[in-house]
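Report on one structure; see the data block that follows.
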Amino acid sequence: MIKERVKTGITGLDELIEGGLIPRSLNLLTGTAGTGKTLMSSQFIYNGLKDYDQSAVYVSFEEPIEAIKENRLSFGWDFTPYEKKEKVVFVRYDPFHVEDIYELIETNVKKLGAERVVIDSVSALGLYVRDTPEIRRMIFNVAFLLRKLSCTTLLISEILPMQESLSRFGVEEFVSDGVIVLYYNKVGSQFSRSLTVWKMRNSDHSNKIHPYKITSKGITVYSKEEAYVK
Amino acid sequence: MIKERVKTGITGLDELIEGGLIPRSLNLLTGTAGTGKTLMSSQFIYNGLKDYDQSAVYVSFEEPIEAIKENRLSFGWDFTPYEKKEKVVFVRYDPFHVEDIYELIETNVKKLGAERVVIDSVSALGLYVRDTPEIRRMIFNVAFLLRKLSCTTLLISEILPMQESLSRFGVEEFVSDGVIVLYYNKVGSQFSRSLTVWKMRNSDHSNKIHPYKITSKGITVYSKEEAYVK
Amino acid sequence: MIKERVKTGITGLDELIEGGLIPRSLNLLTGTAGTGKTLMSSQFIYNGLKDYDQSAVYVSFEEPIEAIKENRLSFGWDFTPYEKKEKVVFVRYDPFHVEDIYELIETNVKKLGAERVVIDSVSALGLYVRDTPEIRRMIFNVAFLLRKLSCTTLLISEILPMQESLSRFGVEEFVSDGVIVLYYNKVGSQFSRSLTVWKMRNSDHSNKIHPYKITSKGITVYSKEEAYVK
Amino acid sequence: MIKERVKTGITGLDELIEGGLIPRSLNLLTGTAGTGKTLMSSQFIYNGLKDYDQSAVYVSFEEPIEAIKENRLSFGWDFTPYEKKEKVVFVRYDPFHVEDIYELIETNVKKLGAERVVIDSVSALGLYVRDTPEIRRMIFNVAFLLRKLSCTTLLISEILPMQESLSRFGVEEFVSDGVIVLYYNKVGSQFSRSLTVWKMRNSDHSNKIHPYKITSKGITVYSKEEAYVK
Amino acid sequence: MIKERVKTGITGLDELIEGGLIPRSLNLLTGTAGTGKTLMSSQFIYNGLKDYDQSAVYVSFEEPIEAIKENRLSFGWDFTPYEKKEKVVFVRYDPFHVEDIYELIETNVKKLGAERVVIDSVSALGLYVRDTPEIRRMIFNVAFLLRKLSCTTLLISEILPMQESLSRFGVEEFVSDGVIVLYYNKVGSQFSRSLTVWKMRNSDHSNKIHPYKITSKGITVYSKEEAYVK
Amino acid sequence: MIKERVKTGITGLDELIEGGLIPRSLNLLTGTAGTGKTLMSSQFIYNGLKDYDQSAVYVSFEEPIEAIKENRLSFGWDFTPYEKKEKVVFVRYDPFHVEDIYELIETNVKKLGAERVVIDSVSALGLYVRDTPEIRRMIFNVAFLLRKLSCTTLLISEILPMQESLSRFGVEEFVSDGVIVLYYNKVGSQFSRSLTVWKMRNSDHSNKIHPYKITSKGITVYSKEEAYVK
């Protein structure tokens, strides 16, 4: 299997996937609202900047960029110095002009020589488009572009509660090399968080469901514990 | 995490969300008919006027405005003095001319310098529109406008019984920073009320299900008790 | 809460809702075929005529009017004297010309000074219309008109067996102040009847499920007993 | 309640409905393929001819008419003498020219002075029509015509296995005064037959589920026994 | 009931249906992929040729004709001599020119004086057609033609796994006199085969679920054993 | 049954199907993302090259061809020497020009005299096409072509999690002689892999569910063990 790995630096996660993500792979990060997909993604970017000197592009549709950066400060993650050094850029795209997204990604990745990319979210690409095949075509093209650019990418997918599928449009997992599923599940009278590595092409990976927590240091995955999901 | 908070003043609720809502956040209040979403929202507005000197705009589609104001008197909440001082305004929008809603919100918020806004309901925005992407576009634009206006907002979403999703159009939770779910659930031969804070971006929050009651003083959440939902 | 009430006079029902319906409210009476919605509604009308001197309009699409009146005689309810005194009128509308219903309602309510109205059924309004937003628009307009006319109204909604929703078009409970749900449920090898008050805006109400029976004196609700529904 | 009854003459069935069907009522006979709806209907017709001197019209879309008549001989029911005396007529309609059905029914009912009518089946009316509101309109019109003609009618509705609804188009039970449901249900490793009277307007009726059998004498309902259905 | 029977000659099956199929009846043979519908149908044809001197037409869309014939040799069924004597013909139809199927059937049935017909499959008729009413019309017409030609027919219907209905288009069981359902069901860690006679117009039939096996002699039904299906 | 077999060479798999696949048959390999369909298919191809001297064509839409070849090296499978000898070719097709696929397949199969073919995946053929009958037509034509070319083929079908069907478009199993289903199933707090041979036309086959593992030597099926699937 593949030795070289792109470490997420997220406690417990790299242990589940033989040390990190496959270089230049597309990885779907899928879960309902409130599972911490944005948090995990910015942690992946921040760790890359701080510990591995990897430039990054964060493409956001949902949360305002200032909000993301500001809020990450409370975890002790300050993106501003890296922005100044042109090591990271947060770009926001207009969901009504998604046709511009290819150029947006390509320009920024090339400019920074980015090795890590986050698309937050791939689901939003299609929310305002009427035609499912059209949406799938866009997702396919984004995936194609990101492979061409040799980035290690997290594609965020927001699914609906109780939806059993891995994605909104049924094509996201098709174009991805890896799929990580985040659960927010009711057990008795409370909800708890857990995740599983559903798929990791050309790699061994845990096939268990592991609990994770959101702490003051970001996301921590308990790679040695198991969680039960209905 | 974020220290400054917008207190709802609803007994028990603020304790679940580190003291209150995030300033300038959009919060989805979702539940079926009869869960008390309108009551909770007007309580949020009234407490803001009375205890925090925060002006407010209440945008209603469902219940006639006179009815809302009159009925709140029985809880001891008299909005009339605040209306006279131009601290609060209740506006009703015509569901067949939803295109006017942007101006309606912007004008009123600016006029009063409103810090609290209620949209009752975001679901009604789309009930008479044929085209789902069109509805989502409207919801997205309303959310965008409210962020721009720096209001702390409750977006009411009325879902159907037994529907497992968080919203009618699958986009409301996307554009929201927080999601509070109200349950009206059959246990044996009777129904009972409970709620959970599903999501609260950039904030810790309870992940339990808590019972709440409608009393002569409004809604009371039992933040130390837990409820079971099927 | 609101003191003044419009008594249904149906044994056991008024006790569940603090003495009666809210004056000038719209109340959805929802259930499958065979639950006795028409019977309960005509009992509401008859009691109003006999005991509270309240004029009434009964708008029917389903059962022929002569049949309704004739069949009620077996319960000892004779509408004819009240018809002669112009205290009650039964009107039948043509489901293929539902656009006339607004005038039909307004004219009759004004002519009689009616305080009680039954629409039997709001579901039938839309059965022959192709376009769901169009149907919802009609239901919204009927509700708007009835509020304007200050009537206390029962809107009958016929739902399909095993359908978990409260109405056919998902908007009826939106425009209603109250919702009463009638169950016809299989327990072991037989079916039994029960009801719950799902919602009653600005009012306390029982949140239990109560059995009811159809007897020679009409519907009797067992307000002190509880029933179990799957 | 109503004293005069139209006896079906089917063993056990009349006992469940206070002695028989309501005169001039529309009754939906609903069940999946293989429950014996055609058999029960022809038994209703035959008993009317033999024991109550009531003329009848049987409108068939499904089984060829010669087949129906011939096959009933094995139960000892010979329709030929009644056909010759113009007491009964079996008519077949072309599912692709359903617009002719109104005239077909009216002409034949008037010619024979028919008091009993079977429509086998109302579901077939709509199988080849594209437009659901159009189908419902047709069913409504057939029901309206049959009421006008003062016939006691069985409308056969064939539903799909595991379908929980009472009819194919969701309007058949709306226009009917009575609904009888036939079950063909798997219990362990075998299927068994049972029925329930779901609704019988202006009449008491059993609300239990009763087993029935197909014997050499036709259908026999066990009115004193109960059956369990999943 | 009907004495004359068309024996299938399949071990155990005729015993379930009073000795065989009803002459000139249409029988739906329904089940998922892999249940052995094609095998059972060719066994029906072969037995007719060998033991009852009944000519046959086998209309195939799915498996190539040469493959069917060749593969049946391993069961000891050699169709070639019968083909030479013009007692049987296997015809393949082009799913994109289904409009030719009427002539294809009629010509061949008349030429051979065929008494047994297999349509493998009626589902395939509609797979490439866009319009459900159009498909149903075709199925209805095929059924009508086969009745006119006085053939005893097996109509094969391939349904999807876990689909609870009896057919793909919801009309096949409507036009059929008999319905035989083949199950391929998971019990614990393995799948097993069983069948039930769901409906057999004008005939008694077993209402149990019976196991069957595919052996070197074809299909064997265990008419005295019972099987359990989830 | 058929003696001659095309051995997959996958440990444990051939034992389930009387020694191998039927020569010149179409076999559907169906499962969700992450079940190892691509791995199993390339193992089938590699074993054919190495042990049976059978040329092969691998048609890929999903994973880039260089990636497939490179990644297989870690299992000790080196395709390069075979490519040089023109014994194998990996071709990638453009999902937006699927109309070219017929020529692509035919040309390559003929050029190499290929006996083994993999289509990875047949699902991708239709993801970007709007019209279901159009997709089915394409799948039918691909199947027809592959039969004509006398290849033993694996058609990969990627289904959605929790989807109970065997394929995306409901026609793939129709045109296939064999169906192998790969499960990725949650048991308690972890996922495990198992497979079943659902259908194998003209062949005996195991009807059990067997566990399989992905090891450093490729896929190993435990033909003597059984697995439980919900």
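Chains: A, B, C, D, E and F, in written order; residue numbering restarts at 1 for each.
Please note the rule applied: a contact is a pair of C-beta atoms (placed from the backbone, for glycine too) under 8 Å apart; a residue touches a chain by one contact, two chains touch by 3 or more.
Everything numeric in this text was worked out from a predicted model, so none of it was measured.
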Report task. Note the shortest touch-path length, in steps, from chain C to chain E. Result -> 2
Report task. State which chains count as neighbours of chain B and simultaneously of chain D. Result -> C
Query raised in the report: chain F and chain A are one sequence twice: same or different residues at the contact, by the over-half rule?
Result: different
Query - Degree value of the rotation bringing chain C onto chain F, based on Cα positions, nearest 5 - result: 180
Query raised in the report: Hey, how far is the Cα centre of chain B from the one of chain E, in Å?
Result: 60
**Report entry** Interchain centroid distance [CA atoms averaged], chain D/chain F, Å
**Finding:** 52
Requested in this report: Determine the centre-to-centre distance between chain E and chain F, using the mean Cα coordinates as centres, and give it in whole Å.
Outcome: 30
Query - Shared interface positions of chain E, touching two or more other chains - result: none
Query raised in the report: For the protein chains shown, what form does their contact graph take: line, ring, star, complete or other?
Result: ring
Report summary line: Per the touch rule, the chain D residues reaching chain E in their complex are 33-34, 38, 62-64, 67, 71, 74, 95-96, 123-124, 127-130, 158, 160-162, 184, 186, 188-192, 214, 216
Report summary line: Note: in the complex, chain F contacts chain E through residues 1-2, 131, 133, 136-137, 140, 147, 164-166, 170-171, 173-177, 179, 196, 198-202, 204, 207-209, 226-229
